[in-house]
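So that you can tell them apart, the chains are marked A, B, C and D in the order they are listed, and the count of residues begins at 1 in each.
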């Protein structure tokens, strides 16, 4: 994925993924579609795009969306079975290591997302301000120190690499399962969050991110992990 | 708490608890109040009652509600921090063992709820049918093998003891935190469920329970735990 | 299983289970065998017995061991995948509800262990003193409010029913997986405890239980759960 | 911390940390001290060093140990409350974000470990071979995608930065609490591992690492996370 430079439009790009892993739903796609076309204040409008859940193909679709919409802000979303809240990722790793095949049957192990590129890229979103603002507004949220090593991390790394140094802030948020997905898991009690709550939370997160314009601007609050 | 006998009315009693443990909210009270007055089919109407979160006092308030409303069905609700779904309890234990003081400052340790009464009472609700029906309707739900040993179990045991052999089916459901409660927990990522989802789920659970009239009637499906 | 009355010998009965659920090992059997023949002070000697992991058969083997050894104290052990410490059970339920078939292919659902008997039996061991003493000696330990509804609970209930009112104290402890079992679980990070640590902990637990002779004698310390 | 170049000795450096967070023990220090002086085959001997649990100071002590011992292999260890197994870290992040103060009272938030250096460094140990070999030998082990953002990650990043491109393989392993630490945690059931098991596991891990000489050599097996 090549590094991009463009003059930003008023678009805010929100991506989700098509369903994978045996489910017929993916909350990240539902949220992206629900927010598509929604105005964020006077100056920004959401463009929602659904990416294939496949290594490589997902980044091609992302690159096309970036070129077409020239967004001023990007938030990629992904489903995280087992997570309880709006989980804002701190860092993308330059590695694909798939426990299961993706939707095209590919299962890369310990391959770089972008050969020769740095080991990791930090989120350029104001992640601490987003967590603090979400919690103040009643949305469960936290910083996550790992986005895994599957297609979510793959897209996150590709996104950060493409926009590195561009001045366009971008990052990734994992969202919980939808209640109807958790209801179908046999013999497990998995956490979930309603679509309405997810949509409201993501919209609030975008609103906060737009308020914290300026590269590197963020609240300075602990959000780390001891291990 | 004495054993009760009465001719049932059309009321379905749903109880919740006042807030405790430092929170200003308790989802069980919110659900009970939201459902108060709601018709369940042609023949049943919900009476929602909020109980004090205190050993002894809670059972007094429950006994008063039972005498006043002579319900045909009772579902007591309680908040369960850390649980992810609508968690239908199988059994109430005849023991109070409090890790923290209740709202009146009492902290009983290894005392019986009802001295001289049996060690435990099973739920008389169709708990397997309720879990199956809730899941089929998209509500995350499961059987729980323990209601703990705090005020929730205290009320559950008192309820089952009071209605033992009466033909009135009764039981207990633990519900997750509300999102705004989970958002306030410092440094923890706790599961939550929106009030709308909880209200819809509890109403569906009541509807199923009313369909399975007749003592002991239930689906026969595994819902146990290995340990 | 009938209620037993006998004049106790100096034996302390420790039971474990044969392997189940696909594993070739069961720590509870290993501990029972390791402690077999060991003297506990001047007046007590461990008899270790391995029970089949099968509904019904396990209780037959237990009844035979009780009749043969007339133990003065009984501690039944069982394996608990996912648990981290020496987990002393508070209560046995009069219900079998199996998620998986037992070693003879039986899978009872919502059947009583002993038809017509009480819903539950409390442990008659000094469970609070055992937890406090184990922790003071450096052994991770806790009270558990549920022994599940599989063969472990089945044996626990049968044991408590057989010795109810006999003056012989008895109860159940769940133990973690052995490290080599956890090492074989694909893709999961399960807690474990070495056999040496388990053997030392169970021996210490027996030593404490023997010190607290006298029905109902125990420390009075909180050991409950909020939910 | 400057980049180091040296001709390796036969030493294998294993570091641990002094106790922190209110505990009087730290398993990582105990393991490092237990292995100190132990021969690994004919050609390698362990040097065990205990580092202060303090940002900055820990890296100074590490740099001194590297200069003094010129190790051919380095494994830094750290305590991970809540983890169940030998948890081999994949990647170190160039960020300090402390939830609690370190042992000198410092609590950096979102500061780089090494200003101007890359966002992350991957472990250069054969982490997949180590996990596979440990599990085959009966030691619970797994790949971890995050070492947190406290002093453990700080030392891990500093280590990888100092030896980047040197040909000396290095990395980090988190180890569980010791049983006596878990026994002291009030009201929690934390996983633990005995010191003997930890020492044997770390020694086996070092043995495997020494067998896989040659930069980048490793097994190619899935060890990632979906999220």
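The rule is short, and it goes like this: a residue touches a chain if its C-beta (ideal position, glycine included) is under 8 Å from a C-beta of that chain, and two chains touch if they have at least 3 such contacts.
What you are looking at is a predicted structure, and each value in this text was computed from that prediction instead of being measured.
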| item | value |
| --- | --- |
| Distance from the mean Cα position of chain D to that of chain A, given in whole angstrom | 30 |
| Chain centre separation in whole Å, for chain D relative to chain C (CA means) | 38 |
| Numbers and ranges of chain B residues touching at least 2 other chains | 83, 99 |
| Chain-level touch network, classified as line, ring, star, complete or other | ring |
| Chains touching one another, given as label pairs in label order | A-B, A-D, B-C, C-D |
| Residues of chain D defined as touching chain A within the complex | 21, 78-83, 90-91, 93, 95-100, 107, 109-110, 118-122, 128, 145-150, 152, 174, 218, 220-227 |
| List of chain C residues in touch with chain D within their complex | 83-85, 87, 134-142, 179-180, 182-184, 189-194, 196-197 |
